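Both complexes shown next keep chain A, but they swap its partner, so chain B is in the first and chain C is in the second.
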Partner chain A sequence: MNAILETGAAGFLARYEALLGRLPGDSTLRAAAADAFRTLGLPGATRGRRAEAWKYTTLQPLGGMSFGSSGPPPAIALPNAAARLVFAGGAFRADLSTSVPGFARFADQPEFGELSWPDRDPMVALNTMLAEDGAVLTIPNDRDAGIVFLVHAGIDGTSAHPRHMIRLGRGARLTLMELFEGEGCYVHNPVSEIHVADGAVLTHVRMQTESTAAFHLATIYAAIAEGGTYDSFTLNIGGRITRTEVHTVLDGAGAVAHLNGAQLLTGSQHADFTSVVRHAAPKGTSRQTVKNVLAGQSRGVFQGRIEVARGAQGTDGYQMNRALLLSPDAEIDTKPELEIFADDVKCSHGATVGELDPEQLFYLRSRGIPDSEARAILVRAFLAEALDPVTNDTARGLLEDAVARWWEGQA
Partner chain B sequence: MLDIHGLTASIGGKAILKGIDLSVPAGEIHAIMGPNGSGKSTLGYVLAGREDHSVTGGTVTFEGRDMLSMEPEARAAAGLFLAFQAPIELPGVNNANFIRTALNAVRRAHGESELDAVQFLKLARAELKRLAMPDDMLKRNVNVGFSGGEKKRNEVLQMTLLRPRFAVLDETDSGLDIDALKIVADGVNALRGPEFSALVITHHQRLLDHLVPNRVHVLAGGRIVRSGGPELAKELEKSGYGAMLAEAA
Partner chain C sequence: MPADSETLDTVRSVTQSGYKWGFETDIEMDVAPKGLSADTIRLISERKQEPSWMLEWRLKAYQAWLAMEEPHWARVEHARIDYQDIHYYAAPKKKPGPKSLDEVDPELLRTYEKLGIPLKERAILAGVEGADQDGYVEGSGQIAVDAVFDSVSVATTFRATLSKVGVIFCPISEAIREYPDLVRQYIGSVVPVADNFFAALNSAVFTDGSFVFIPKGVRCPMELSTYFRMNARNTGQFERTLIIAEAGAHVSYLEGCTAPQRDENQLHAAVVELVAMDDATIKYSTVQNWYPGDAEGRGGIYNFVTKRGACLGARSKISWTQVETGSAITWKYPSCVLLGEDSVGEFYSVAVTNNRQQADTGTKMIHIGKGSRSTIIAKGISAGRSNNTYRGLVKVLPSAAGARNFTQCDSLLIGQECGAHTVPYIESRNRSAKIEHEATTSKIAEDQLFYCRQRGLSEEDAVNLIVNGFCKDVLKELPMEFAVEAQKLLAVSLEGSVG
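The block that comes next holds the complex of A and B.
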């Protein structure tokens, strides 16, 4: 018997039906998520109105594709790190991982958390419906857990929907370095829930160098308690279509959120960085600098929203999106939004778009620096403002190398 | 060393240089003076190879090579240096890295070994000391937040480190106090020798008191209307350009 292979949203729903009863965790929550996904569909690939949040990004190509759940894993170079958790096609690979204190598999300890909105976000609904594995990482109070690598390898022809839960106790510290790689055409649809307790500091560096045929659709929810810091940086280099959606709530007084990023795109790549920062408590600080370097016919999207709740006096919010267009066919779309219900607030946002400055280029070349090297210097200088806050040497080195490799690929 | 014949150039379709003839032999310093808008800066940019300045006629040969066919970086590698009238700011680019990259690019082009960061800093600090400039000039981003005088001095620092064979100084003295002026003059005088030539574009006689030129040329309306010895600068200081332009017309 030949089963008719369902594509698009129907394909994912068929997989859910086939897995019914065998998925870990709350089955009622999953059923509700499946209902929501049936209604919401894949933005741009399912008939009906596309949500405002997906104004600039369509998953239309997914409409005609179908994905399996397993296959031979790709050969990727693993970081030489003491604490390393490796997932391939969304499944934990104990054989490639090291022992990391405080780690459990979602498959064994399925926790969907309380921050996500599967009823509103189609990619979160899809993840909630199909999540089979993921990393549950718990750092006890006052523990400095150093640096932990979380490596995701995409497998050709598959879709992965891992569910991650990161909890930092009071005063705990962690640098979480996520690497996204893979081969061929696949979907990577992770949802991460992050809790930063009082005075804790999470440095979250995400380096996305997926296959350029892949779909990277990630959603992050972070809640920061009193005096806690969520310091994140995302580098998007790979992927055919990438969506990075970050929801951060500054829940306690004096909480700090940094949502910085850089997107380096070429060919017909599309990357959408969408963020919502909610200041729910007084004296919070949020900083966001997202830089786009766009070559070929690529398209960058930045949607940033800062919400300041009624009681969040003394809020300090800053958001900046800059784009450097290296080609006349590249495009950037920016939508900043401020929603302020408190009166003692300092909030600013801005956006710039430009090309390499011919005067700067000439100045460098007049000093003997060859044209290609001069351009590389100016692109690195453009990215510096976003990269400079990444102070962890290991993370910074990996990011700089990825940027340098990207640039060499453009020559 | 540098021979310019019948050079014409335009910016955005507007003719600025209308036939320049000028030869600067090896070991000589020539001054170019002239009223605003006469084409002095354009001449500097054209020599350095700025793309939006179109050369419409004439030749420039530098040590026998056709310089107009060379890219800006090749001209620098051949030994040309332009000190900008308004040095460009490069946010996010460290000044030491910038100058070292430039120096190494030029050394590479000459088949010389590159300098590592330590070797470079030693060299640069010695030069800073000689030019009475603070060390922190190297740590800052290129020209960002520099005062007008600091920007000009940074040009001189680049020049003395790159050791060009031919320097064009475009109003490097403008906006400088007398001490800074001496630093600029000292920078050029330090390079002076039988293998070094310079074209010094200036409005003022006072730089030429410290940097005595072999020849002075007056540029007006895109042409050199008069040439003479150092005494020509003094004459201009006294009687201004008006009399001279009337005389030339």
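The block that comes next holds the complex of A and C.
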């Protein structure tokens, strides 16, 4: 190990150089990704023009940090589940995992897929360059695979770049419950590629309760075939800087995408939820509700775009973003976009920003409820509503517990 | 009903073949050589007999412009603009600074006659004899007009009536000479010289435009109007408008524009600055009907305009209303900086694009003052192979306690080859601010049509009704004189489109 550690983008590139020849999979692709990362850099950490996609989020703090690839694993409570895949610091931990049918390690069966854009998205370039492990999960046609837990444990001082490939065959069903936790200062930079075949249904619930010193930079690409459903929900509670970037393509007629989420932030946390829903085929439906609850000096970002390609007639797209500012120093930045190239469509979006409704407060106060309790009731109602789209009982239960814990922490 | 053919026809008749303003007027012109340099700017400044501070200001803008890059973030595409291939000064030769319409070249008057708007009140214009008898009849709803032909303001009507109440309404070139202190204080105060690429270019080379000053407590007795026409070939039009409303003042200002039909593109880069003090109100209405190019997208005006108003005073109000049917490319974001406590900003817009037109337009509302409020209503109608984008920003700074914004953006698509886009930015740093945004994109709904048809309306009348309803929120904000004009321009009037 060198005595002087390189920091920021240079640090990641040095790690790539050091691992050359030992990384699994297509080395040409990795070299191209490394070139792209060298050019793109860490958004906000290098000089020059900021990319529009990163308008509200900077990774400048990462510029002065360096990360290793191993360390003592954190003590996290693992879910008591029959199907459980655990990754610590990005590496698969067979000792903590259970046997899951259709699962292979990325390290053994490296697949980069075809949906991602390492040449365009810096975080994807970084992942493509450094990915060493991940879950390759294949659900055969018409199989109901129940619920599978995918647990990521962050290790202090490390950066992890897991690469997941999830494939659902025709008519298959899966509930994928992803958990992100950890201790200390680390980077979680997962990239997931998801294929939902004709008539398949993937329920993807992501619960991010990382350490508040951690960086969570996740990118998800999903392609949905005819009559397929990708139903996702992301809860961001932890992390110092969080970026959740979701790209969904409705490739087949009548495909359905739900990209819901909630971000509960406090202190100086920053969380950015960026999503693109592309309607590439007729009669697709997309629904998105993202709620931000912002306390302290936190900053919430929502960027959502609905794209309707030419010929995607009969598209029905809806997007709603709501933010509740609980403190005078919190900030919300919202950019909901519509990009429509077909005429027989119904697309709408809405955004609201505000504090607790004084009229609602008055209503409760007039019924004898003390101010602090009235506020608590209203915030809890706002949060409960945010979780409404999650119908899986196990997932819903976990999310509600996490939200309740967050709210207790605020009191 | 994906693309109603009658509706398409109407849109086409309005935005393309119906461009009856596409004639060229043969007038002897005084034209500066092509190209932009410090010398060009000195020449403009000299022709305008400007004081030296103005020349310095222009040169400063030119230096800033040289260091800037043409912006490309808007959803518009065009061939590279050669800024050295443009005449930056073109003026009717005979009488560069007439004091009354009688002195104006008859060719020019005929041009306005052909244009019909808003100088169509020939009787009023005929009454303009001298500075003192301007024929104004109290309560007659007449409009004072400043007409700008290529680079030069050719006539301003009703100046005497206006001056009686202390209102100054004159070409800005004249204001620079006659009221240098006022101009110097406010020019560039809302849109700084280096604000953006096109504003810097305008600051360097602007040739004329209107200046309006409404003194304290005065309610301007009539609507003020400027009429812009780009006539000469290979010219750009760079007008500059400055409107100042002192405390308690009130003014309604109208702006109309046309250009001849040509194969090449012409550049229009204007800057409009509005300043409103305590309790002042400025209402600024635009009907933009620059030549949009032909069906294949040949020719047409590149309309790259910076419009911004500063609500400096408490309870001041600035209201922008625009009906955009023309131009090959529109790049325009009339904005309000809401500095004053309880100040109000409004933006009402209808943008119609057809054929290969591209419009990227919207607004910025910057909330700084406590209790400031803003309303944004934007309606986009896309037809043919056009692209129509709403791009806007609502920004609430920590100081703007109790700020309020409501935004509604609706897009209507007619045909399968067009595009409608919505790009709103919402940034709030004050929890007591309340912001609501909603946007919809749709075609004319089957059930709406069915409902109307069921009640005995023809399909076209039904479309009429629905599209009219779609734009109503904006059209009702226009002054009467312009509302009529706008309805004609819009596809929504739909007269004679019953097939």
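Throughout what follows, the second predicted complex is superposed on the first by the 397 of 411 C-alpha atoms of A that agree within 3 Å, B and C clash if a C-alpha of one lies under 4 Å from a C-alpha of the other, contacts with A are read in each partner's own complex, and residues count from 1 in each chain.
One rule holds for everything that comes next: a contact is a pair of C-beta atoms (placed from the backbone, for glycine too) under 8 Å apart; a residue touches a chain by one contact, two chains touch by 3 or more.
Nothing here was measured: the structure is a model prediction, and the numbers come from that model.
Enquirer: Per the contact definition in the header, classify A:Cys347: touching chain B only (first), chain C only (second), both, or neither.
Expert: second
Enquirer: Touch test for A:Glu385: chain B only (first), chain C only (second), both, or neither?
Expert: first
Enquirer: Look at A:Trp54 in the shared chain and tell me whether it touches chain B only, chain C only, both, or neither; answer first, second, both or neither.
Expert: After superposition on chain A, A:Trp54 lies in contact with neither partner.
Enquirer: Is A:Tyr230 in contact with chain B, with chain C, with both, or with neither (first, second, both, neither)?
Expert: After superposition on chain A, A:Tyr230 lies in contact with neither partner.
Enquirer: Between chain B and chain C, pick out the one touching the greater number of residues of chain A.
Expert: If we count touched residues of chain A for both partners, the winner is C.
Enquirer: Per the contact definition in the header, classify A:Ile377: touching chain B only (first), chain C only (second), both, or neither.
Expert: Only chain B is touched by A:Ile377; chain C is not.
Enquirer: By the touch definition at the top of the document, which applies to A:Ser366: first (chain B), second (chain C), both, or neither?
Expert: The first partner, chain B, only.
Enquirer: In the superposed arrangement, what residues of chain A touch both chain B and chain C?
Expert: Shared contact residues on chain A: none.
Enquirer: Hey, which residues of chain B end up touching chain A in the complex?
Expert: Going by the criterion above, the answer is residues 48-52, 71-73, 75-77, 81-82, 84, 87-88, 90-93, 98-99, 101-103, 105-106, 109, 158, 162.
Enquirer: So in the complex, which bits of chain A are touching chain C?
Expert: That would be residues 52, 310-311, 313, 323, 325-355 of chain A.
Enquirer: Considering only the defined contacts, which chain C positions touch chain A in the complex?
Expert: Listed in rising order, the residues are 2-3, 73, 396, 398, 411, 413-443.
Enquirer: Considering only the defined contacts, which chain A positions touch chain B in the complex?
Expert: On the chain A side, the touching residues are 358-360, 362-371, 373-374, 377-378, 380-385.
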